[in-house]
Amino acid sequence: MNKIRVTIWNEYHHEKKEGKARDLYPNGMHMTLAEKLADDGLEIRVATLDMPEHGLTDEVLNSTDVLLWWGHCRHDDVEDRIAAKVARRVKDGMGLVALHSAHYSKPFRLLMGTDCNLRWRNWGERGRVWTVNPTHPIAKGIPSSFMLEAEEMYGEFFNIPNPDDLIFVTWWEGGEVFRGGCTFTRGLGKIFYFHPGHETCPSYHNDTVIKVIRNGIDWANPAGYQFENPGHFRDPDEPIVNKDV
Amino acid sequence: MNKIRVTIWNEYHHEKKEGKARDLYPNGMHMTLAEKLADDGLEIRVATLDMPEHGLTDEVLNSTDVLLWWGHCRHDDVEDRIAAKVARRVKDGMGLVALHSAHYSKPFRLLMGTDCNLRWRNWGERGRVWTVNPTHPIAKGIPSSFMLEAEEMYGEFFNIPNPDDLIFVTWWEGGEVFRGGCTFTRGLGKIFYFHPGHETCPSYHNDTVIKVIRNGIDWANPAGYQFENPGHFRDPDEPIVNKDV
Amino acid sequence: MNKIRVTIWNEYHHEKKEGKARDLYPNGMHMTLAEKLADDGLEIRVATLDMPEHGLTDEVLNSTDVLLWWGHCRHDDVEDRIAAKVARRVKDGMGLVALHSAHYSKPFRLLMGTDCNLRWRNWGERGRVWTVNPTHPIAKGIPSSFMLEAEEMYGEFFNIPNPDDLIFVTWWEGGEVFRGGCTFTRGLGKIFYFHPGHETCPSYHNDTVIKVIRNGIDWANPAGYQFENPGHFRDPDEPIVNKDV
Amino acid sequence: MNKIRVTIWNEYHHEKKEGKARDLYPNGMHMTLAEKLADDGLEIRVATLDMPEHGLTDEVLNSTDVLLWWGHCRHDDVEDRIAAKVARRVKDGMGLVALHSAHYSKPFRLLMGTDCNLRWRNWGERGRVWTVNPTHPIAKGIPSSFMLEAEEMYGEFFNIPNPDDLIFVTWWEGGEVFRGGCTFTRGLGKIFYFHPGHETCPSYHNDTVIKVIRNGIDWANPAGYQFENPGHFRDPDEPIVNKDV
């Protein structure tokens, strides 16, 4: 069985400055994710905003099975050209796990076709993630609910298209709910959005959160699908029914 | 009851030249649609590609409840700026009925986030439209199946996101099937795609086709929804649960 | 425009005894609902468990467009024969608005095919209903969220099939969430489940709750659909494609 | 990795008599399926209608991960008690692959809540199965379309609930279409319906058909999900939010 080639992309901004983000994620959230996710089934690389081409050269993208994307306050600093390349690769089959504020990133918005805005509040309040689709592969081994000790509240109305599958709904101490774990398909690419991960909150030290992301990688992995690249093409002028295609 | 303000947009290209398209639609497909759809519930305007701003000024778009879009070979001649305005208006609530090759138009592709390509063939072969969702408002009064005497074949794989509702599936004489009547929601805008309407085919003289489009207009009409424009905003730093908002 | 013929069915048990249920709903919850829902578009009847045939004779069912069902603790006292008749009528086109604990009623469970169980707690705690599908007809005129001052908590995992449309998600003071407003289709019948309405809670005195139920009636109304009753039948032994059926 | 424990259930009626069914499936369709599906990942048993308890004792059902069900003309001879046990086991997590006329079997109808009727015709005409959801696990390795040389036509309207996922749509020589490959979830059980397999047609000698069924077994396999059995239970009278459950 081939390893899944994962690239973890991070804005890597807040964690460089002194403060809570750096205390929690001293080498950046991408490095914490890389460590926590490490296992024999994955081949993990990282890439960050400030690298040349944001670390997302053609060579990197073309050898990535599943891309994790974490962004929050520097979405606008992502070059349009590169955002478009990422969206293109997803449509061609690369899986995308969009974390936390990646809902507002350029590639995600290009793929959704909506504004992807939402209600938010940053107290670091408690959230409880409820599993509403227990037989979905991304819920494998996840309990009926689990607590986020402190997170940024993201709440409804979440301006996304109706998801293919709604897997998790989060409850917030302050009074909101959020469809915070859901999936989409775009072309040959599978997309999983999962909300935990504010930079000053410890969610990526939560084993259940990591397990959900790990399941998301398995689910989004395109390996093994040999569907021909769908195209826009003219069929021959005779009935396909007579052919063995 | 207020009338639904409908704008019918047409590329209006093929029908200007001598030939089958002009024979079938002497004043353009938009005018045929306007005549066939005319009733007391609708206030209909038309707009075409060659008008200034393609006929889609802010004033027109802002006073349109439901836009019909027909395009086929001149998608690239639609200015990006205007395509973006149309998509924006849909996300803000304007209904969109995307006809025939509008699946490949700029506004539709912006809203879908996929390539929207498909398999096609132009014989003018027979198609049979089957109703697979008989209780959907767009299927109201539509029989279990109806014939298209001659149409351009559009077939699977149709590279769209999973639709919210699949209403019609078309069978083709040559051997294909097509999810040719389906809906999507983007922001506050409702979108209905319906495939009949090749310029050299008589589909807009087919009463059942017209009835489907008329149902689509009713369904996509945003009038009466007072949902606040969803925004991306910070909630106050106290629990909403204590408030009567 | 014909009036929609609504029958409101109530277990009518708790409100007969002294106490909070009778204080809130002195003539039964069915009568409160009948009064609150009364308008020119509806022709309303009521029926209760203790009537002969539970008030659901063939004559009543056959002249009902939309049935509202409220039950809670006497599900088992509904005769199987009558539960089956109700489910049959839904499959033949009658709309069903299933209220509160109707999720656990015999007709609803027959129609769902699942156990329809859930997590519950009866404090009369606060709940906040969030609209997650603002363009759905049942959300017409409903705000982005509204408060239930006191309700019985119903929480996930709610053991239903994936709904066709998820419209409302409820937040609970005690820590749960609930997919409490959602739709299903079974045959030609449209089903809307909506959770508020514990007998000791004032939800049916809440205008927004009533408006949601009123929208649900409009949505579930089968009038105007002339789709042939789908059957299991043998097609003639010649290709339908050659026929104008 | 544990093997998936598969039980193949067959009515085993037509193949016992001389004729085409026996020529194609000399030891019964269940034996052909067992041979064709045999691989290292599966542990396969068979069961038939005429065995005691139809071969579906508690011991067999409780040690089955995925049940394949083939029935056609003797649905009524399946005991209600056993049909109910099968449906119960599905709701508790056993996967179900419903083949051909199993759409009309007692367990499937109990799980769907609809009549599951359809249009049919038995010429043994050609059908072409089109993949409309190429990234679904059940479509893994399946081409964009494949031919059924001769099959019983099953056509729309197929009176099922809206499926969770529509994977295959079949085109028929005679003029119909059919949503013939689709999935449902009921409780903890995953259900895949797939139409090919009339007893006088060679579909289970078609490698692509077998591969689809094999994918369906993998997809429906509940192993690895440790979700607690969802129940109907009262939560303690204190907020769950304060607990680490």
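We just call them A, B, C and D in the order they show up, numbering each chain from 1.
FYI, contacts are C-beta pairs under 8 Å (C-beta built on N, C-alpha and C of every residue); 3 or more make two chains touch, one makes a residue touch a chain.
In this text the structure is predicted, and so the values were computed from the model without any measurement.
Contact with subunit A and subunit B alike is made by C, D. Interface comparison, C-D versus B-C: the higher count of C-beta contacts falls to C-D. Using the mean of the Cα atoms as each chain's centre, the chain most removed from subunit B is D. Averaged C-alpha coordinates give centres for subunit B and subunit C that are 33 Å from one another. Centres computed as Cα averages put subunit A at a distance of 37 Å from subunit C. Touching of two or more other chains is recorded for residues 128, 131, 133-134, 144-145, 155, 157, 162, 164-165, 171, 173, 175-176, 185, 227, 230, 240-241 of subunit B. Of all residues in subunit C, those touching subunit B in their complex are 126, 128, 131, 133-135, 139-145, 147, 164-165, 171, 173, 185, 188-190, 222, 224-228, 230, 240-241, 244-245. Within the complex formed with subunit C, the subunit A residues making contact are 128, 130-134, 144-145, 155-158, 162, 165-166, 169-172, 175-177, 179.
Against subunit C, the residues of subunit D that register as touching in their complex are 87, 91, 104, 110-115, 117-123, 153, 155, 157, 159, 161-162, 164, 173-176, 184-187, 227, 230-242.
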